[in-house]
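Here it is, the structure in full.
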Amino acid sequence: MTLEVAGLTHRYGDELALEDVSFEVDAGEIVGLLGPSGCGKTTTVQTIAGHVNSTAGGIHLRGEDITADPPERRDVGVVFQEPTLFPHMTVAENVAYGLLPAGVGPDERAATVDRYLELVSLSEQREAMPAALSGGQRRRAELARALAPQPDVLLLDEPLSALDRGLRDRLREEIARIQRETGVTTLYVTHDQETAMALSDRLVVMSDGQVAGIGEPRELYESPPTPFVASFLGRSTRLPVTPPGDPGLTLESRALAGDGGT
Amino acid sequence: MTLEVAGLTHRYGDELALEDVSFEVDAGEIVGLLGPSGCGKTTTVQTIAGHVNSTAGGIHLRGEDITADPPERRDVGVVFQEPTLFPHMTVAENVAYGLLPAGVGPDERAATVDRYLELVSLSEQREAMPAALSGGQRRRAELARALAPQPDVLLLDEPLSALDRGLRDRLREEIARIQRETGVTTLYVTHDQETAMALSDRLVVMSDGQVAGIGEPRELYESPPTPFVASFLGRSTRLPVTPPGDPGLTLESRALAGDGGT
Amino acid sequence: MPALLGGLLLVYVAVPFVAFLARTGTADVLARLAEPQAQVAVRNSLLTATTSTIVATVLGVPLAYVLARRSFPGKRLLEGLIILPLVLPPVVAGAMILTAFGRFTPIGATAYAVGIELTGSFIGIVLAQTFVAAPFVVVTARAGFGAIDERLERASRSLGYTALGTFRHVALPLARGAILAGITLTFARAMGEFGATYMVASNPRTMPTRIWVDFINGGIDAVVPVGLALLAVTLAVLAVVQRVGR
Amino acid sequence: MPALLGGLLLVYVAVPFVAFLARTGTADVLARLAEPQAQVAVRNSLLTATTSTIVATVLGVPLAYVLARRSFPGKRLLEGLIILPLVLPPVVAGAMILTAFGRFTPIGATAYAVGIELTGSFIGIVLAQTFVAAPFVVVTARAGFGAIDERLERASRSLGYTALGTFRHVALPLARGAILAGITLTFARAMGEFGATYMVASNPRTMPTRIWVDFINGGIDAVVPVGLALLAVTLAVLAVVQRVGR
Amino acid sequence: ESSVSVLSAGSLAATFEDHVGPAFKSETEITVQGEYFGSNAVMRMVEDGTKHPDVVVSADATLLRDRLVGTQTDWDVEFATNVLGIGYNADTAFGSRMAAGEEDWYDLIRETEQGDVAISNPEQDPLGYRAWQAFGLAEREHGIEGFRSEVWDLVEQVAEEPQVLGGVEGGSRAGAVVYGNMARDHDIPFEPFPAAYNFADPSLADHYATAEYTFEDGTTVEGRPILYNATVLDRADAPENGRRLVEFLANNPDDVLGEAGLATADSLPRAHGTLPDGLTI
């Protein structure tokens, strides 16, 4: 068991954001953490990464209790929901950033940066500043940066929600490929059923701060343990195709209108 | 003749950025201004918009000499190369912004905003702040903002260069559709031969601050007036398909690696 | 570690304050503040510092904008000039203002002839405070304007707005935070201004000149009531400014 | 229109300066500056203002960071505290410092017992300048840190950097412009500080205290040489700071 | 509202703010607007034209007479004197022994450490050079060889009157050579010097004159009684109000000046030059 989340409970002031959240992620597995906006997905990720201290519950990584460790001692790679490339560093410097505290020497550092830039197809942008990248390139640079120090677990918090539809689909496949190639244990957070179903080995469905169901995508879809899971997973197929205002534009404008996050 | 550019010459300090640039754009026409990076395209656009005062030459709009007019008196809509949505206003406020100085009353203003948001398929984002939009949505919001005051001419300065490949292709078609629907006289600036050929009624090819050729795309392509035009327009077909580093990834990674601007 | 270093500075600022209050006590503060002299000083300070801040903002924010946006020969010189009052000891600033606007100078005499006293008057206080405090809002607002993408302003021009309209609708709202910080510094400095004010217009009394007179009359203890009033009034005004500005 | 309003402020700042130089002339400036007294003052001012600026920056920038990033009970109070020296007339600031660090106060006596004089010494000057000038770098740097997306720092932590390492590699470089502006204001203020310095350590002489003595002995004309030197030295140092900081 | 502006020696700030001002106002309805600098700075600012008060008051009668009479005015009136002595901080060793009153000040001061006792800067402030002169007169009066130079090395020269007293009050000084009225204003314990060197008795002027102080620029000033004088400037905005104030000071109704801690001698008030019409003392 690589990652074990046990009984996570968190309060913001009076509000209960997480209530007894428990799940596990196996080595090399990609687990989707799925749920509607505000259900506690980001709080869960932040707690695993150590940026939020949970009120109760524990986190184990490779069998070690890391609940009280600061983020820098956790070996958890994170790609945040919003872009976080360091604007004052080149793409290569961004990717190299996490290698220094990991104790990687200069020569190996350069080789590692090259390898990961190639993995995400950004070798030509190595000297570019983040501001010069397109949205998809930024996301891939962040992915390389998070992967380069070879974390025990990679947390992806809705990495595609700020991107346009078509790009999103392509980058999703790209992420799947990278995960396959690196074999990194991954927790993939999304509110998008389709993405979760397509990517995940297993799914953790959350609702209102609680785990509503855990299982393989097909299994959960076919025999949902709760009505919420049923309706939430089912919705992607039940979604009616609403006719847009101008019937002449139907397909083209749909494709564009549907992009973006929540 | 809607737009007439005659003998435009511009110096930045000692350097000659534009030299005797002349061309015309007919009413309702979409003209592509094509050339490699640094050839003077943006300076030409800025001069037409009134943000740069040319050293010599004149600009006529609907027969009137506007060479000495400040930008706000020119009735020229601009979509800049980099995004310029006002970050402190909602999408709807951005689109409404240009209607006030145009003297449009409140009721008509609201109706106009609705119409243009629908045109660019952003009706649902009307109350969103620009920061919450995806790259493609931002571009479309800017397009709506530039079109709403019904300018005599619309200048698009490489509007797609900051976007990812797939999105770029889709948005290019979107722009073509919008231009057809609104019938706005358009000057479309790009360094991308393919985009220019696909979109333009006529092409103005620039090289090193000078006009290297003017004509219909097919005409210029088939009988280029200068060697530069020949090589610049021809290159898109002569471009060799370079094999990527890892042959296993060929198609997928090509699609992603090729995105972004120059 | 940052907290530790930062705490050191806080302690350093707090120690004199605490030592001061511990020594002087705050016993009859209210009684002393009830005296008309103190009340007049509070009123005068509020009136003049507010006026100075408004003058500095109304003139300084446009200046900051011009400095941030335009380039012209001699710009460096003007930038140096605007830091000048920040560097000058207030006494010298006061002496300078007196050489320019004193009663027997051409400007001062002309003003006096038409019944306006430029020194020893409210106007004199405002002249002194504005001279000393205006640079803060200029320097801060300039940084704010400099951070705005100029293309946003070009877009506004192309959407039909004049340079002035663009300033109002785009530059001003986007630099609001920085301008607010500048106004804060300027107002605080104007409220506390003593040296130049005392040279140019020691009457009518502001809180700082009142404090000085209290000090040479009654020593350190006598400073406490108006001193505390000065702090309280300034912080209260700044709290309101922050709230309104958000 | 902005240029016009801004120009008004520039003219207002320039007029006293020009009037002052026109009246006093600059004839024997160099001769007066060649006097050892003047040279000592220049050296003392450079030494103390640089020290004060370094102390204020080393302590103030971390403080600004903490204030920008953390929230804790009593934070508002500390924020008020840090504006305090900005509002206080320098005389009161000086009186406060004396009550805290004077020779016969517990702190002052302890220091004196081990041979350190906290008043009437270089240390005294630095104490006064730091007290008065440190708030500028704190307020400005705080605004700079506040503008940084906190997520960048979280990303740095998750990439293996401690809070301190993150501060060094992410927060500091990204807030550089604002910190530089703060250092500028703090150094300028420290160079020009007179009131508190004169209370706490009128000796050794800095340029502002030298100017005051020259003024009461020789009047306005006598102020010119050191006054000009003060401006020249300050602007020169700030030019270097700007260049190095870029 | 009728007012008169006064540019005065700093040592008279309290006198004008708390005593003369209110009393004069209640008698004449005229408001006193006071402004206070060291006597030297006062003269300088009047000469420079940077300040244009109605009335100038000096803590050093000769200074005003030398600098202003003949150019800015042609008369002055001496109206009060003051006592020089030691103000001290009773919480210090020096102060508590002074308070005990069993030892002589000149023995105690020699036992202080360098910088414990402050004087005004003699180059800037008459209070400073009077301290020098008093130490010299005391050396002769008590027959203590080398007293002045010994003490001179011990005392700290700080800026001016306000700083001197601020030090004693704030806790950075054990004591300071100050005027009696200053100690009273600031509510600190005060031990006046004997008449032989307290500069309070105009009739001892010749004796005081035997002590000299030489400025850094080589000029010399003789000791003289502390004599406060006042004048109305020729170009005063409110000359009539100014004259009434000087008259008020000279005639000192209800011992207003005494209340303020100043001393009045039999020989005062005393006019120099031709008094303007309507001014009687």
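We just call them A, B, C, D and E in the order they show up, numbering each chain from 1.
Everything that follows uses one rule, which is that contacts are C-beta pairs under 8 Å (C-beta built on N, C-alpha and C of every residue); 3 or more make two chains touch, one makes a residue touch a chain.
Predicted model, so just to flag it, every value in this text is computed and none were measured.
S.K.: Measuring centre to centre with C-alpha atoms, which chain is farthest from chain A?
M.R.: That would be chain E.
S.K.: Cα centroid separation between chain A and chain E, in whole Å?
M.R.: Roughly 80 Å separates the two chain centres.
S.K.: Find the geometric centre of each of chain D and chain E from their Cα atoms only, then give the gap between the two centres in Å, rounded to an integer.
M.R.: The computed centroid separation for chain D versus chain E comes out at 35 Å.
S.K.: Just how far, in Å, is the C-alpha centre of chain D from the one of chain A?
M.R.: One centre to the other, that is 48 Å.
S.K.: I need the residues of chain E touching at least two other chains; which ones are they?
M.R.: Only 50, 162, 166, 170-171 qualify.
S.K.: Residues touching two or more other chains, restricted to chain D: which are they?
M.R.: Residue numbers touching two or more other chains: 91, 95, 98-99, 101, 105, 163, 215, 220.
S.K.: In chain B, what residues contact two or more other chains?
M.R.: Residues of chain B touching two or more partner chains: there are none.
S.K.: Which pairs of chains touch one another in this structure?
M.R.: Going through each pair of chains, those in contact are A-B, A-D, B-C, C-D, C-E, D-E.
S.K.: Which positions of chain D touch chain C when the two form their complex?
M.R.: For chain D paired with chain C, touching residues are 1-10, 12-20, 23-24, 56, 58-60, 62-67, 70, 78, 80-93, 95-101, 105, 107, 130-131, 134-136, 138-140, 143, 163-164, 167, 177-178, 181, 184-185, 188-189, 191-195, 207-208, 211-212, 215, 220, 223, 227, 230-231, 234-235, 238.
S.K.: What residues of chain B sit close enough to touch chain C in their complex?
M.R.: Against chain C, the touching part of chain B is residues 49-51, 70-72, 74, 76-78, 80, 82, 84, 86-88, 97-98, 100-102, 145-146, 149.
S.K.: Can you check the complex and tell me which residues of chain C touch chain B?
M.R.: It comes out as residues 149, 151-152, 154-163, 165, 169-170, 173-174.
S.K.: Contact residues on chain A for chain B in the complex?
M.R.: Within the complex, chain A touches chain B at residues 118, 121-125, 133-137, 140, 162-164, 166-167, 170-171, 173-174, 177, 244-246, 249, 252-253, 255-257, 259-261.
S.K.: Show which residues of chain C lie in contact with chain E when the two form their complex.
M.R.: 23, 95, 98-99, 102-104, 120, 198-199, 202-203, 213, 215-221
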